[in-house]
Every structure is written in structure tokens, then in C-alpha cells.
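Listed next: structures, encoded as C-alpha cells.
After this come two complexes, each holding chain A, first together with chain B and then together with chain C.
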Partner chain A sequence: MSIKNLFRYWRTVITVAEITLRHQWNDSFILFAVLIQPMVIAILALFMLRGTGDNYAMFVIVGSGLTGLWSSLLFISGNSINGERWQGTLEALVAAPLPFDVIIFGKNLANVVQSLLSMTASYLLAALFFGYSLEMTLPLLFFSSVLLSIFAFISFGLIIAPLFIMYRGIQQWQNAMEFPVYILAGFLFPIALLPGWTTPISYILPPYWAARALHETSTGAGDLSTIIFAWGMMLLFSFIALFVASKLFKLMLYKARVDASLNTE
Partner chain B sequence: MRIITNNLRLFWQGTLLSYIALFVWLRPTTYIASKVLMPLAQILFFSFLGSYASGGTNVDFYVIGNAIQIVAVSGIFGVTLSIGGDRWNGTLPYLFGTPANRMMLFFGRAFMHIFDGALGVVIALGWGALLFGLDFSQTDLFALGITILVTTISTCGLGLMMGCLSLITANVMFVNNTVYFLLLIFSGANIVLETFPNWMQIISQMLPLTRGIASARLLISGSSLAEVTPLVLGELGIGIIYGWLGFYLFKWVENQAKRKGTLDLV
Partner chain C sequence: MNTISVKNLKRIYKTTTGVIRRKTKEVEAVKDISFEISKGELFGLLGPNGAGKTTTTKVLTTLLIPNAGEVKINGLDIVKDANEIRKQIGFIFGGERGLYWRLSGIDNLRYFASLYHIEPEVSKKRIPYLLDLVGLKGRGDERVEGYSRGMKQRLHVARTLLHDPDILFLDEPTIGLDPVGAREFREVIRDLQAEKKTILLTTHYMFEADSLSDRVAVIDDGIIVALDTPSALKKHVRDLSVVEIETFGIAEIVVNKIRALPFVDAVSTREQDQRQVLLVQTERGAEAVPDLMKSLEGQRVGRVTVREPTLEDAYVRLVGGKS
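Right after this comes the complex of A and B.
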């Protein structure tokens, strides 16, 4: 997907995101993925990591919020094309005179933005229920990291959706893909705990760089140079993800037209 | 004698067919992903988190806790979907229309999941031994087997009750997922129960898994069956209570559905 298309069709992106948000607020599974699961993980981590450092509560809030972001991306964005297929609207969307990946970008934008509620809910939980006095160390840099993370997660999600629809075999592993990214991206513990051979895998995951930037800006664990480095890596892998996604979308639509399999299970 | 034979046949057929129906649409890869790799990923995540929290000194606590907690995949999701499947597939009116023994019919839905869940725990403990060096040299394996079986039965008891909820609510996956994750907190799989406030400890004691996990930890660290018998019996008792509550809820749902004509209403 080209960045040029994003600017050209920005109104489409916003409209799709708005409709997706309105549509999804009636879905109880979204309530679970965005609010309940991250809060349960936050409670567990707050109990488990108690006493591991001065800023552990803020670390847990950001980390558990990120778990909500990833779960939402995996289960909701991953099924975004299948969702249109099940509702019988996929053919109309593909035939619409605008790039199909722009529509999926708008849907992912909605999913990622609503998933930010995870972090807010965890923050309220820690502050009100556990009584923590929480202070953001670098608020402006944190806010910038949030914006870049939204872009990174959306870009990563654009790879997942066409993969799930073209290769059904991959979607069979969906349930098993949730925790590995929590682990490899270092949402709630440093990846230094993991075996060394997993580190390169972590480095190519945009969620890892998002977690690093968000943790460093919220707890003050990093200096400006490490934060900017994390931003740079996040952007680099996001653009790579967008490039790969554009090829996958072309391939998916080509296959669908050749095999006439757009609406077949 | 004939009644007993018929009921046993009904029990076995209900057991087998509901289990096959649940997995017949799945490929082996889906089963492996849900029952082998997802549990592995959960154990890895919480064990690494626990290792980080404890400075690497108490990893066995998390490995054992999460390995036993895996029974909830079969006990909650499997059993609930076996019962709720009749509603989604439109066979509930036929089921309620038969003169079949309701107890055989109801408890039969959980039977295969007991063995399936116990197998899941064995696999999970195997992962623990392989990846985290969980040591069974001091363990009474027979007693551990009994603990796993009883814990699976008690979790399936909760699953039977949850399954009845799937007959009256459309949000069954929301309820199931929420209960599954709450068990991660309250069962003591990842947190020492004594660190909870009193009200949370009381809830923990009212749930399945809590005593089973405690018993498994004691057995693996070298305790005997006699020492964990009160825990195992308590776990079994909790499971029976939930199972019976589920059975009476099932009968109530049937009664209400017939009175109000609301069979299959979603």
C-alpha cells in the first residue's frame, strides 16, 4: 500500500474507521479483547511484579495495554476481510473504485484506536483499585510514541488480514499466535530473559519497537537517543510491512479473480 | 437391567457424538494449535513473567500452576460448546423432545473432555519438564495422576454450569473467555493466594482448580497422597457442586423453554 493513497483517500479511511467503530461496539467479544483481558493481565502482572522497581506499575499499565492492542489486531483486524465475506459485502468493496487496502487500513485504524482503551482501563484500574500514584515521566514523547505505535500496529495488521484469507492454514494457528507476540515483543518483561536466538525475531516485529518506545517514555528508562532509535526502527518496519501488504493485497485480489473464490469458504 | 443398559448406551453415545461433533469440523492442525501450542505459549508467557518477577528463583511455581490451569481449555470451552452446540445447530428442540434420561444426557456431554483435559495437562507438564527442567524425581506419579483427573472433573463441573448459560445467552464466548481469564487470577496459578485480600481468597476457595493446583505443587515437591487427600477431596466436592448446579439449571432451562416456547431463541 502506498503512502500516497493514504493521503489521497484520507476521507475514506476516516469514514471506514467511524463505521467500523459504530459497528463493533455491539460486539461483546470486542469488549472482552479490548477491556476484560488486558485488565485481567494487568491485575496478574501488578500482583506478580510488585516490588520489582519504582515504575513497575506504569510498566504494567503500558504492557497490558499493548496485549489488548495485539489481541485486538490478531482477532479483529485479522478477520476484517473474512468479516466482509461473511456479511456478503466483500464483492462490493472489491469492486468499489478505490484501493481495497485503503478500506482495510481504515478498519485497522478503528481497531487500534479502540484498543487504546485497554491502556486507559489499566491506568484507571491501577490508580483507583490499587491506589497507585502514577506519573508519566516523558508525556510529550509518550504521546508521540502512541501515535507512531498506532501506525506501526495498523501496518502490521495489514499483512495479517490477506494472509489469513489466502492461506487458511495460517488462520488455524490464530489462537496460538496471541501469547508468542506478548513474549517476543517484550510487553511485560525484557526480551533479555529469552534465549538469544529469539532476539532477531523480536527485532523484526513492529510491536517490539512500539513496546520499547512506550516503556521508555512512560517510565523514563531510556534517553532521547534510544527513544528516537526505537521510533526510527518502528517506522522502518512499518514501511516494510506496508510494502509487503501491498503485494499481498494485489496477490489476493488476483487469485480471487482468477479462481473466482472471492466469496467462497 | 434394560433401563440401566439403555441409559449407559445413551450416556456413551451422547459422550462420543457430542465430542466428535465439536471437533469434526476442525482439522488436526486446529486441534494441535488450540490444545498443544496455545497452552505452551501460555505457560511460556506466565513462566517468563514469573521468572522476571521472582528473579528466576521460583519458576516451577508458575510452570505447574499454568500446566494444571490448562484443564480449563477443555473444562470450560470444550464442555460449554458441547452443550451450547445443540442450540447453535438447531438440535435443541429434538433433544428436549426426547424421553431420554436427562442426567445421562447432561453429564455425558462432559465425559470425553475429562480425558481430553487430563491429556492436555500431561502435555503441558511435559513442556514444563522439557523447557524449564521441571523435576518429577520426588513425585508420586500415581497421586499426581489422581490430582489431574479430579481437577479436570471439577473444572468440567464448572463447564457444565457454564454450558447451561450458553442455552440462555448469546454472549457465551464473552462469558467463557472472561471466566477462563479470571481463573488465571483466582486459582492461584500465578499468584500466591496469601497475597490476596480476604475477599479474593474467599472467591478462590469457591472455585475449581485452586485446590488441584495446590495439590499438584505439593506432590511435585515430594508430598505424599495422604498429605494432599483433603485438597483432592475438596476439589472433587467443588466439582460435584458445580455439576449438580449445572444439572438443575439445565432442567430449569428446559422447563422454561417449553413453557414459554423459547427454544432456540438467540
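Right after this comes the complex of A and C.
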């Protein structure tokens, strides 16, 4: 999607996000993806890291929040496209004169924003039940990182959406796509622990730079220059993701019109 | 210039089965279709299930790419200029799908208005106007899941009129509606006709096509078998009468036996509760009844009537008694 379209259709993006949120909060799966699963991961990690200090706890909280964010994008955004297909609305969306990626951007915005609840829930869990004293080391830079991370996750999610348009059976592969990103993006442990050959893959993932900026600003592990570098890389790879997504959307929508896969009938 | 122009349209569906030894099967849904619709005309497309009506509509609404042929709407090409065409058209596919059931009627319309880039100030006025137009005034705040089928269809009409398109595609819009709902819906279509909208209507109901359409194309097995005004189409069967015979549990073999009789032009059956009504088209009219009864010996037969042919009979004759 082009930045020009994002500015041109910002009102549409907001309306789509608002209505998507209203629609989704009637579905109990949201509770699982946004609250229950990240809290289970946070509890496990906090038990494992007991006695290792407040900084590690903050790392876990941010990391488990990020897992919620990614799961939400992967499952809810992905399933929502198949849901649209089943309820017969996908054709109406595709037949609208608006670029389709603008609609998906709005849907992803809704999912990412609601996923921030994961991070808040993990934070409260660590503070209230595990007794950690959690102070944000660089609060202003942390919140700036949160805003940039929202953009990074939405953009990365846009690359996956076209696959859901094209392939009705892709849901079977969703689980396989969940953990590699947790690991490669360094949500719960540093990527330095992984084999060296995986590092370049991590570097091209916008969620990796988002996780790095969030971890560094919340635990105080980084200085201003490394944080700004992480922001720059996050934006660079997010724009690349938007560009790739716009090409994929055009290709997949054309293919879906050739293969008649926009509907279940 | 015609508003809609379809020349030699062809559309094939491919399905594949198997993982290792993949087999591809091709189905030619639309073989070769050509027609034109002028501005403000209501054009009916009639045909049995699987004839290619919905496929044609989906190509015209930019949802399917044709395999061959040229399709233009207001001079714009359906493949190259899909985005520009989408601003000018609206469509309704029959049935209850295509709406967000967990949202209210108003939220559905707000959502679709945003997809057509309608400014919120405009949609705030347009949505109540449309709800009023389709008879949903006062019900817009309710969730769609609580709507009746007819209300959902009317919400579809409101949705499709949000951006005030000049061209409408209505694919079996009254399917599944009760008679009152269908009649109300036809009134909405008449209102749209009065507004000089160009409309392509596909329907199974002959009465609907007869009463609403300026011209009708009968499509069968992917090709157009007749295209004319409803009154001209009826002339195809002017020389025939229709014998209606009420039967109970008639076997296909008996129907085929009647179809093979030399004085029978076409035969179709209509399910009515637990009865099957045989509709036999014949030049002999009432004189054919004794011979027909002879062929039905051993069958349980009810009322027998002879009547003048309708557009439905013309349609049955054109599609070879497949309905």
C-alpha cells in the first residue's frame, strides 16, 4: 500500500478499524488470542525467570505482549478474511472501488490496538501477582516505540493477508507460522541465542526491530543511538513490507478473480 | 452508446483434485454470450440452475475475469478499468449472505459507505434516507441477525444504493422471500426503474421477469437461446396450449414417455407440496388429454386443466423442459 493512499483514505481506515473492533468483540476467540494465551506464556516465562531481577520480568512482559500481538494478527486478521468469504462479504469488499489493502490496513489496525491489551494484562500480572517492581526506564521513548511498532506489525500483517485471499485452506498452516516469528523476532529471548544463519532473517522482519526497540526502551538496555537505529530499521522494513504487500494484493486479487476463489459457492 | 456491452463472453471454471496425481477438470459455465443493455433499461436474464446467469453477473461486477470476449460498461473495459467501473455499479446477490450479522443495520451501512469513500457528513444523511426508502425506518439500530430474510434483502438494496450507482446488478434478489416480501421487493425495483437506473436482473420467477423486464434473454447451458421483449417471447408458444396434470409420485420414466409422444412439444414438472404438476405443451390442447391420460395409466392422477401459455411456458420450450 502506498503512503499516499494511507493519507488519502485515513478516515476509511479509522472507520474500518472501529467497526472491526465492534464486530470482533462479539467473538470469544478474541479473549483467547488477546488475553488468555499471552498471559499463559507470561506466567510460564515469569516462573522460569524467578529471581533473575526486574529487568528480565519487563523483558518477559513486553515479549509476551508481542506474542499476543502477532497471534492476533495471524489468527484474527487471517481468519477474518476467511470469515468474510464464508459470510459472503469478501466479494463486496473486493468490488468496492477502494484499494483492498486499505481495508485490510484498517482491520489490522483494530487487531493490533486490541492486542496492546495483552501487554497491559501481562504488566499487571507481573506487578500484582509476582511482585515485580516494574518501572519503565525510558517511558517517552517506549510509547514512541509502541506507536511505531503498531505501524510495523500492521505492515508485516499486510504481507500475509493476500495469502488468505488466495488460498482457502491456508488456515492449516497458521500454527506453523506462529512460533517461527516469536523466535526469529526475539520476542521472548535474544536472537543472539539462535544459530548465526538465522540472524539475517530476523533483520528483515519489522517485528524484530519493534521487539528490539520495545525491549531496549522498557528495560533500559539500549542508548538513544541504538533505539533510533532500531526505529529507522523498523520504518525501513515496514515500508518495504507495504510495498511488497501492495504488489501481492494486486497479484492475488487478480488470481482470485481468475480462479473464482472469492466466494465459497 | 450502450451502457452494458457483452461480446462473445466465455468463462471456464477449473477444479483440481488429488495431491500427487493432480487432475484438472474444466467446466464451461458461459460458452458464448453477447448482449447489450441501453441506459435506463431493465434487462432480465432467465435460465435454469447452472445455465451461467450468476457467472455472467459476476463477470459484469468485476468479480471474475472472463476467459474470452469483450465486456464493457459505459465504454470501460471490465478487466483493465475494473476500479473505475466499481464506482459506477452496485450489485445484490440473492440470499442472506453478504452482510455483517453481528452489527446493526446502520453500522453495516456506515461500513460500506466508508468503503465507497463517502464522507461521513454525507453518509449521515444518506443512511436514514435509504433506510426509509427500503422500509427499514426505525429498525436500523437492531442487529442484522434479528432481521427477517426480507429485511436483510432490503438492507442489501440500501447498501448497494449508498453511492447512488447508475447501474445495478440484481442476481435472484427475491429468492427465498415470502410472497409479500417478494412483492414489496418488486416495488423497490420498480422505484429504481422509475429513477432510470440501468438494471440487469436474473431471476427464476417468470412472473417477475415478465412484469419488470423491458427485454429478456433466456440463457441455457452457457449460451443465449432467445432474446426479446417478454411479449415477443410469448409468441414462441402462441400456437400451443398447456395441459396441467396433477400427479402423485410420478416416475421420471413416465415423464420421458410423455415427452416422447409425437403431439407433445415440451414437458416440465413443478413440485407442489407432495404433488407433481406435469406441464405439457401441445398444439392439440384439450384434444390431447385422452391420449395423455392413456400414457398415465396406473398413475395416481388429480386435477387436469388446459390453459393459454405464459412466458414461463415459452421459457420451458426454449430450454427444452429443464426447469
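Operating definition for what follows: the second predicted complex is superposed on the first by the 256 of 265 C-alpha atoms of A that agree within 3 Å, B and C clash if a C-alpha of one lies under 4 Å from a C-alpha of the other, contacts with A are read in each partner's own complex, and residues count from 1 in each chain.
The criterion applied here is as follows: a contact is a pair of C-beta atoms (placed from the backbone, for glycine too) under 8 Å apart; a residue touches a chain by one contact, two chains touch by 3 or more.
Note that the structure is a prediction, hence the values are computed from the model and not measured.
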item: Clash or fit, chain B versus chain C on superposed chain A; value: fit
item: First (chain B), second (chain C), both or neither touched by A:Phe47; value: first
item: Touching partner for A:Ile36 - first (chain B), second (chain C), both, neither; value: first
item: Partner chain in contact with A:Pro190 - chain B first, chain C second, else both or neither; value: first
item: Angle at the Cα centre of chain A, taken between the Cα centres of chain B and chain C once the superposition is applied, in steps of 10 degrees; value: 90
item: Touching partner for A:Thr15 - first (chain B), second (chain C), both, neither; value: second
item: Touched partner set for A:Ser225, first chain B, second chain C, both or neither; value: neither
item: Minimum distance between Cα atoms of chain B and chain C in the superposition (Å); value: 8
item: Residues of chain A that touch chain C when the two form their complex; value: 9, 11-12, 15-16, 19, 22-23, 26-27, 87-89, 91-98, 103, 254, 257-260, 262
item: Touch list for chain B against partner chain A, complex; value: 27, 29-30, 33-34, 37-38, 40-42, 44-46, 48-53, 171, 173-174, 177-178, 181-182, 184-185, 190-191, 195-196
item: Touch list for chain A against partner chain B, complex; value: 28-29, 31-32, 36-37, 40-41, 43-45, 47-50, 52, 169, 172-176, 178-180, 182-183, 188-190, 193-194
item: Touching residues on chain C, where the partner in the complex is chain A; value: 13-14, 58, 61-65, 83-84, 86-87, 91, 93, 95, 97-103, 107, 110-112, 114-117, 119-120, 159
